[in-house]
Amino acid sequence: MDGIHDLGGKQGFGTVKQQRDFIAFETSWEARMWALSFFVGSPDLTTDRFRHLIELLDPVDYLTHNYFDKWYFSIVTDMVESGIFSDEELKSGRASVSAPPPASLSLAGVLETVRGYSRSAKREIDDAPIYSVGQIVRTQKYGISGHTRLPAYARNRQGDVIAYHGSHVLPDTNVNNVEAPQHLYTIRFAAQELWGPDAAQNDFINIDAWESYLVRA
Amino acid sequence: MPIHDSKSAAETHLHLHSHLPSDPALRVKALESLAIERGIVTTETLDNWVEAYREHIGPRRGAEVIGKAWADQDFHARLMENAAEAIKELGHEGQATGDLKAVENTDKVHNLVVCTLCSCYPFGILGISPPWYRSAAYRARAVREPRAVLLEFGVNIADDVEVRVWDSTAELRYLVVPQRPKGTDGFSEEMLSKLVTRNSMIGTDRDLRAGEV
Amino acid sequence: MDGIHDLGGKQGFGTVKQQRDFIAFETSWEARMWALSFFVGSPDLTTDRFRHLIELLDPVDYLTHNYFDKWYFSIVTDMVESGIFSDEELKSGRASVSAPPPASLSLAGVLETVRGYSRSAKREIDDAPIYSVGQIVRTQKYGISGHTRLPAYARNRQGDVIAYHGSHVLPDTNVNNVEAPQHLYTIRFAAQELWGPDAAQNDFINIDAWESYLVRA
Amino acid sequence: MPIHDSKSAAETHLHLHSHLPSDPALRVKALESLAIERGIVTTETLDNWVEAYREHIGPRRGAEVIGKAWADQDFHARLMENAAEAIKELGHEGQATGDLKAVENTDKVHNLVVCTLCSCYPFGILGISPPWYRSAAYRARAVREPRAVLLEFGVNIADDVEVRVWDSTAELRYLVVPQRPKGTDGFSEEMLSKLVTRNSMIGTDRDLRAGEV
């Protein structure tokens, strides 16, 4: 989707505002939202659906909302779309039906749970990879209207394969909870190939690209 | 599996925006109450979750990994080979570290990590991302003018140093291994880890100093 | 400049909100701003500098400001950059130096003046045009960091020349008050060339392109 | 001529945004006072300027041109050949009509005008552009999914009708010449011009009707 989220290479955003003493959260609601995000969400809310729901925010909301507020809207939109929460419940904070509380996690339990989140997106598939490290390839000329992870700036450009990572869950389908894994490569582009002759000669930009994002050079 | 409709979701966004309070603190508070009444989670669990990321899961984890890599050649080799496995030796695996790749700075190479499409970040090893990392300006500019961005962070990259930008488009996350500062011979892993800044593991810091212990 | 203004083909903006009974201005300040725009502005404020100053608005301001408010900021930024107005004067509405009023224009005078605005951007140049009607051409692969009028969606694409318009003032230089005219062509692109095979087969998008925006196919 | 600095201008924008009132009505009022005190323009001139565009310079001018083109074959030929010159015959030349091109609908062709990079519009002949024409949604979508946009305007383009979108990237402005409605034989230029809608001259209206007189 050629959405507002596809920011790579866009001009006019000014300088990067740095935070010197940033620890973890700027406000307490951000901390609560972070924690809630691990629990609230429909069974269909894959990472990719979560991301796509953020991409579907109104462009001005996308640019102005706090990071964790985008998480809020992604998650509640998922819950409303899935029919699990109603807008009335979200407004009031009062459940239309209640359920008994689950067991609580201790701090140690949380730390153990978080360790368990170290899950790879790698999946075994039968097909052999088409491309190999060292090969020159091109990226697809056209974008895809739904969720996809080939940035617009890296479309229709030539680069070389610098790494092969096995096959990984494909975001384009995982947005609908279908893993359909494909071979994943790291593609290196010279900055001059992306931005033209004025770019530094020894700048390189690397992206990770699934096999269907590539064509033969 | 249902094929979710993007148009419907965009309309739900607009509907919720016009029906819910604009203050995110109020909305998140309501969401928490709702989740608790629905039996999805408890207050105590949420408290502990926040505590975990406030006090335990943060850039010190990454710094420990780097300190160990500087001090221990074998660990360094394992980290460069498969960072996702190597960090488990310190028990530092966690969210978004399941596919982790370490990329190393040298005298002639500088690495910089960004996620232009959202704000992917190796939370389990670096904690919550700093707001600048998620900003539109950083995401837009890191791939187009990395040297200008680095200069704003006080990092002046010489013309003969290659800049490698890693745009995290897949579930792979990147961890920059900065150069070990001069004058640190004989430092312990712990002493070394204290020299490592969060930004140096993202790439917006480069020249670490022994004097910063 | 790959700025927020370059909206062609972007997704996520939703439906077009129509206005049934729109006459000329929605509010009276818009009407005043429209009129003022014909008088306030430095000698360097070409149409292209006017446009570029709008492009340089903060992206969120660009998307949220009323059309005539963007005109306001373009014009006052020009005046402040040119040293003619100060921010203090703009805030207070009080001039630091005053001058006697010019002669007023009657309604008939205004209508006559507006008729005089019918000025062509066409200029004579010596060089012959490189391309001709019917020829297949490509657009440039790379954008330009300053003001330019080749939309990103039409970069690095193939089309055919369907009209030649003589040579016209070049926006890329006219932004700095240098006309440097070039031959101007209308280039027709098949929608499928721009957006891929899912686009309608009989949709065509035409842009006007200066000679330096084109290369041989 | 000075080469203006884009970075400085962007900073001036930010500075003015933080120093001036947020209400545009207040700012424009102050600008008007300042322009008057500086001897740049008078209130009377501004009043007359507004009056000119409120009452005299609007889509009726374009409609008169279309009505004449329908009724007068020779004028039609001159309009299609050089619209900027042809409209002078009615005294309707003005702002942004110095390079004007008429594009004509047929049974098998529909034309649609947009300006994706700003909101270029032939003010002198159509007056002030309607807000939808300047909207991000219209500018973004007219070149990508013109048929879907047209459908929102109630215009259903048959599959075998070609859509020609004109993105006004240069100073050339485009005027759509809609099809003359059936049942208008013998109508005068004036009667014909009353059938012409603003949107039909931009391309977001197509099938005009005699009954709308």
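The chains carry the letters A, B, C and D, assigned in the order they are written, with residues numbered from 1 in each.
Rule of thumb we're sticking to: a contact is a pair of C-beta atoms (placed from the backbone, for glycine too) under 8 Å apart; a residue touches a chain by one contact, two chains touch by 3 or more.
The shown structure was predicted, so the numbers you read here are calculated from the model rather than taken from an experiment.
Student: Which chains contact both chain A and chain C?
Tutor: B, D
Student: Which of the two pairs, A-D or C-D, is linked by more C-beta contacts?
Tutor: By the number of C-beta pairs in contact, the winner is C-D.
Student: Could you grab the centroid distance between chain B and chain C? Build each centroid from C-alpha atoms only and quote it in angstrom.
Tutor: That pair's centroid distance is 41 Å.
Student: Taking each chain's centre as the mean of its CA atoms, how far is chain C from chain D in angstrom?
Tutor: Centres of chain C and chain D (C-alpha means) sit 14 Å apart.
Student: What whole-Å value do you get for the distance between chain B and chain D if each is reduced to the mean of its CA atoms?
Tutor: About 49 Å, centre to centre.
Student: Could you tell me which residues belong to chain B and also touch two or more other chains?
Tutor: 10, 14, 136
Student: Could you say which residues in chain C touch two or more other chains, in rising order?
Tutor: Correct list: 1, 9-14, 56-59, 63, 145, 195.
Student: Once you've mapped the touching chain pairs, tell me: line, ring, star, complete or other?
Tutor: If you draw each chain as a dot and join those that touch, the picture is no line, ring, star or complete graph.
Student: Strictly by the criterion at the top, what is the full list of touching chain pairs?
Tutor: A-B, A-C, A-D, B-C, C-D
Student: Under the stated contact criterion, what part of chain A meets chain B in this complex?
Tutor: Residues in contact with chain B: 1, 5-11, 13-19, 22-29, 31-36, 38-40, 44, 47, 49, 51-54, 56-58, 61, 63, 65-69, 72-73, 75-77, 80-81, 85, 87, 89-95, 97-107, 109-111, 114-115, 117-122, 145-146, 149-151, 153-154, 165, 168-169, 171, 175-178, 184, 186, 194-195, 199-200, 202-210.
Student: Which residues of chain D touch chain C once you look at their complex with the stated criterion?
Tutor: 1-4, 6, 8-10, 12-17, 19-21, 24-25, 27-42, 44-46, 48-54, 56-58, 84, 88, 91, 93-99, 114, 116-119, 124, 127-128, 130-132, 134-141, 143-144, 146-147, 149, 152-153, 159-172
Student: Per the contact definition, I'd like the list of chain A residues that touch chain C in the complex.
Tutor: For this pair, the touching residues of chain A are 1-4, 9-14, 55-60, 62-64, 141-143, 145, 156, 195-198.
Student: If you look only at chain B, which of its residues touch chain C in the complex?
Tutor: It comes out as residues 10, 14, 136.
Student: Which part of chain C faces chain B closely enough to touch in the complex?
Tutor: Residues 12, 14, 59.
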